[in-house]
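The same chain A turns up in both complexes below, where it pairs with chain B and then with chain C.
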Partner chain A sequence: MIDTLATALMMSTPLLYGAISEMFTERSGVMNTSIEGAFLMGAFGGFVGAYISGSLLIGFIFAIISGVLLTFIYGIVTVKYKQHQVVTGTALNILALGLATFLFRVIFGIPVIPLKVTPLQTIAIPLLSKIPFVGPIFFDQNLLTYIMYFIVPASFYVLYKTSYGLIIRSTGENPEAVDVAGVDVNRVRITMLLIAGAFCGIAGAFYSLTILGLFTSSIIGGRGWIAFAICFLGNWRPYGVLFGALAFGLAEAIGIRFMVMEGMVIPNEFFIALPYILTIILTITRNSFNIPAKLGVPYNKE
Partner chain B sequence: MINQIKTKFSDPDFKDLVVTNVVAIIAGILISGIMLLLIKINPIEAFSVATASVMSDKYTFAEILVKATPLIFTGLAFAFTYKANLFNIGAQGQFYIGTIVAVAISLSIGDVVPGFIGIIVVMALTIVAGAIYGGLIGLVKAKKGANEFLISMMSTYVAIAFMNFLLRTSLRETRGEYPQTDVIPESMRLPIIWGGTRLHLGFILAVLTAVTLWLILFKTPFGFRVRAVGNNASAAVQAGINSSKTTIITFAISGAMGALAGFLVVNGIQYMVIQGYYAEVGALGIGIAILANGNPIGVIFAALLFGGIQVIGIEMTMRAKTPTSFTYLMLGCVTLFVIISYYFRRVMKINRDKKKLVDGVSK
Partner chain C sequence: MKKVIELKNISKYFAKVIANKDVSFDLHEGEVLALLGENGAGKSTIMKILYGLYHQDEGKILINGEETRIDSPKDAMKYGISMIQQHFSLVEAHTVTENIILGHVKGNIDVNECTNKIKELSDKYGFNLNPNSIIRDLSVGERQKVEILKALFQNTEILIMDEPTAVLTPQEITNLMKFIKDFVKGGNSVVFISHKLNEVMEVADNIVIMRNGELVGNVKKTETDEKKLANLMVGRELNQTPTKSISHVVENENVLDMTNVTCVDRDGIKVLNNLSLTVRKGEIFGIAGVSGNGQQELCEAISGVRELVDGKITLLNEDIGSLSVYERIKAGIGYVPSNRHRDAMISDMTIAENMFLKSSFENKWLAGKLIDKEKLNSYTNNKIRDFSIKAHGPDAKAGGLSGGNQQKVILAREVDNGSKLIVLDQPTRGLDLGAINHVHKSIVRESKNGKGILLVSTELSEIFGLCDRIGVIYQGELQGIYSPDELTPEKVGLLMAGWKEEVR
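The block that comes next holds the complex of A and B.
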């Protein structure tokens, strides 16, 4: 039970990084549909950096660079050239798959045994981790999960209590007004996409450097899209996103738990499909959405 | 016919479309070719070896059409909704639903019903299954205003889980070794239309379907409604078009296309379902539909291009030792450049219109 909840928290970490970044870009009026590719580039870049340098820190820096590169291309094509966001994202996701696998081969050749790095270890916080029940779940995690605890309140603060947060929100709701106020709409959107690239890079690298310690081309397997969905279901609000990420992390942890159990009445595939089914049900049943008014609409200066 | 083509090309918009697309495709292949230098493979040599082998061997040449067949259908699956400004990115899931239905029915009736009738039954049931699976997305979009992009994406993962479940349990091969099905009986296989190759009747079916969808879109009242909803949904509703009915039917047709791709793979090429095969057929279909700008006839050519790139990629792997991932690198680059070419086409059109305006004023 405690194990499962701790795993749930760990599994929800990359989803939250991805979904919060998606929330910021969508609040500024542009969807980051290259999110799945950005996760994959992060997983790839992170592994390469960590394997070659032997340092996880350098791995995560590489992951950030790889993710940002992808969202930068995405930003140029969708924001500057105003091409369709869904369509561009799909192309970049195919490209990321080809690029990551190809470059992996370029760098490492065909390894005889699978290459591995030592994954990011958990750090038990003294005293706090000794609290019964709560301690092992919340305070015996890895560094990135600890950072996650601060990301949600921090992004709440940035989005609602700072002037830049107001600019971000207005850019998604009423870009003309932002433009009149002398702020470059496209610059805000591209900035959000670049920050999203960094977050998605870290999220992707979480799979290769924290959960598995290796890289395969199927390592992300739709988790980027889950983060995309969480932003939607979280109603573009930080605490909604937190709730969504935790729910999906829990579903994933339960899936892992049941995979190792024999003689189950409910098939394991059901738990794998559960997050997706939940997304569908929640998308259908919710009516009042806080969807940014100009989401997906390129800004044309008249 | 030749005159028709001539008049088409005298239309500057169409000329731009062809020219920019060709430039984009060449640019995409060039850029990915340059990357081959990183693994010390001469791209020109690799390309020419592969092209020569495609041109000299009819089996390999026919593989282009074989690879294009399911891609035409997944391309159509995206293109048809795209024309109504709807996004069905769940072709991958509809494809898997199609493969499951096709293999299950083929295995169960294959020995009882004579082949020809059996294949028709399988095809009909695949269409029904795909239409339901896709139509449901249209239904929740129309009735609940749910985001079809998100739902179609999620429906793919549900379909994958469902397929994996069946491949582990009731549909698993009798040997019980791998997560794959038994091979369907020979009577249920689509006839080969070019001896000595794997090219089967499905390719003809794909081309005919694309032409039919084109006729539906551009020559029928229903197609007009689809495009009207796509151009301006609220204006279409004002004009008395039942937009929710159009949405549901559009999605049902789109889902049927995805499922048909599965039927053709099962009854035409693979004769079985293997866990996780054709994992990119849906995403490539989107790329193809974009390349064709959603035009069903254009989808045929775009699918042939993608099929060609895949076959060249395979030949390059066999003869020049390029990595298999190189194919996706080429496809990704080509699609990206085609999207960027949309921008330049627009700039060219604006400049031309400006020039026309200036000429008009100075006269």
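The block that comes next holds the complex of A and C.
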């Protein structure tokens, strides 16, 4: 039970990084449909960096660079040149998959035994981790999960209490008002995409450098899209996103738990499919949306 | 008086069109300067240059005597220049405060402090606005106040207002005029862009008149009158708005009869409430009101786009309430919607194609199973001639025409579709005087042909000039039906704002 909940928190970490970053880009009016590709680039770049240098820190830096590179291309094409966001995102996702697979072979050949790096370890926080029940769940985690605890309140603060947060929210609702106020709409949107690239890069590398310690081209397996959906389900609000990320993390953890259990009646695949089923049900049943009014619409000046 | 802005020989070209040619005038401290001209005369362009949205191709701008380059609205704001555009740029989902401080406070936002400051500003000019209201809940008049506060919040000294009265009720216009006068008393200046002579005469100290991108007059208010201004503005003698004096006979037979009609919007809120009216043969029935009070829904209910929740609509005593749009077109209802680009035409198609858009099911356009191109073209050519549409022929793209000519295309089509009844929703909005004149003439002509006309308009002069009876609409209800002699503009204004007579 405690194990499963701790795993749930860990599994929700990359989803939250991705979904929060998606929330910020969508609040500014752009859908980051290259999110799946950015996750994969992060997983790939992170592994390469860490394997070659032997340092996880360098690995994560590589991951950030890889993610940002992809969303930068995405931003230039969709924001500056105003191309269709879904089409561009799809193209970049396919490109990322091909690129990661290809470059991995170029760099490492086809290894006989899978190449591994030592994953990011958990750090038990003295005292706090000794609290019964709560301790092992919350305070025996890896660094990135600890950072996650702060991301949601920080996001809330930035979005609702700062001038730049107001600009971000306004950009997604009515970019013209932002333009008139003397703020460059496209710059706001591209900035959001670049930050999203960094977050997605870390999220992707979380799979290769924290959960598994290895890289395969199927490592992300649609989790970028889940983060994308969480943003939507969380109604573009930080705490909604947190709730969504935790729910999906829990579903994944239960899936993992049942996978290793003997004599299970319910097939493991059911739990893997659970988040996706949940997405569809929630999407259909919910009727109040906080969707940014100009989401997906490029800004044309006059 | 001190000159705060001097525009010197400004010219601006868009592709092949001259928007401004050699325009020069000054703005003084403490002055209301009216910029008068027809649509497309270049009034907005010259002000957008001053506001930094465009950049002039020739000429220079002097601020307080010094030559200045203004590249963006941000630059303009540095010099205390703000412009309130015709289309407001407000974030509907946000509060008044959030809209006003957008981009103008740094770092952390102290909401209370901002709200208090805005409340103070709002009270100073008697705006009576709650800073915590969400924009989407505000009326157009209140939204305009938010735009004004946005400018005041940045310590604007020169306020440019582009057609600020177009969307207001008469009472709101009075309040706006009062604000403008208060504002300039403190040594500020206002540029008031308008094509309405009476307003310009009321509020301005000096009047600059523009025509076809050029300056054609710069006069003191005290030295001119409306007639002189009109002649300068149009450059030709105007035909008077055709009035009922061009006699047409209203017969006693009802073309349209609506009884207790109720419609709801997507959220189930009543947009038309228990509305009853009749339009007789040969009658022009006017609907006056502030836009957004159910006018569009009323027209949609008649044309069949919107379903009735309750009530009955008959056309020449036949119930049409459950007929489809297509069946209603066949029954002889023509409809000129207010948003022509969205509801009435396809910009990428030719005039001829647009002409038969709504009657494509009729056999008259067919040669065998195919479109009879020749017939359609000769029909369109006739229409182009009859309605003096400026286009090179039936194959011209509808989207390439000017607004006035697009409206004539739609009118030409709907006059034929509406063999019994023509519904016109704001048919002259955004048109220049020549085109307006043409639309008015067509309306009177069709009513003389014995058709029933339902004319929705926010221009009271149009309603008073053309209509036999006037219904005032407010929040989906008719405030009453009057003959024009029973009403004064003041009374209509009150009715439009929701006041209701106790006993009639």
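Throughout what follows, the second predicted complex is superposed on the first by the 302 of 302 C-alpha atoms of A that agree within 3 Å, B and C clash if a C-alpha of one lies under 4 Å from a C-alpha of the other, contacts with A are read in each partner's own complex, and residues count from 1 in each chain.
Heads up, the rule we're going with is that a contact is a pair of C-beta atoms (placed from the backbone, for glycine too) under 8 Å apart; a residue touches a chain by one contact, two chains touch by 3 or more.
Everything numeric in this text was worked out from a predicted model, so none of it was measured.
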| item | value |
| --- | --- |
| Simultaneous placement of chain C and chain B on chain A, clash or fit | fit |
| Chain B versus chain C as contact partner of A:269, first or second or both or neither | first |
| Touched partner set for A:91, first chain B, second chain C, both or neither | first |
| Which superposed partner A:170 touches (first chain B, second chain C, both, neither) | second |
| Which superposed partner A:123 touches (first chain B, second chain C, both, neither) | neither |
| Partner chain in contact with A:65 - chain B first, chain C second, else both or neither | neither |
| Broader residue contact with chain A after superposition on the shared chain, chain B or chain C | B |
| Which superposed partner A:280 touches (first chain B, second chain C, both, neither) | first |
| Partner chain(s) touched by A:147 [first = chain B, second = chain C, both, neither] | neither |
| Distance in angstrom between the closest Cα atoms of chain C and chain B, superposition on A | 5 |
| Intersection of chain A interface sets (partners chain B, chain C) | none |
| Complex contact set, residues of chain C against chain A | 53, 72-74, 77, 85, 89-94, 98-99, 101-109 |
| In the complex, chain A residues that touch chain B | 73, 77, 81-84, 86-88, 90-99, 101-106, 217, 222, 225, 228-229, 232, 267, 269-270, 272-273, 276-277, 279-280, 283-285, 287 |
| Residue numbers on chain B that touch chain A, as the complex places them | 32, 35, 38-39, 87, 89, 140, 144-147, 149-151, 153-155, 157-158, 161-162, 164-165, 168-169, 280, 283-284, 286-287, 290, 323-333, 335-336, 338-340, 342-343 |
| Contact set on chain A toward chain C in their complex | 161-163, 166-167, 169-170, 173-174, 176-183, 293, 302 |
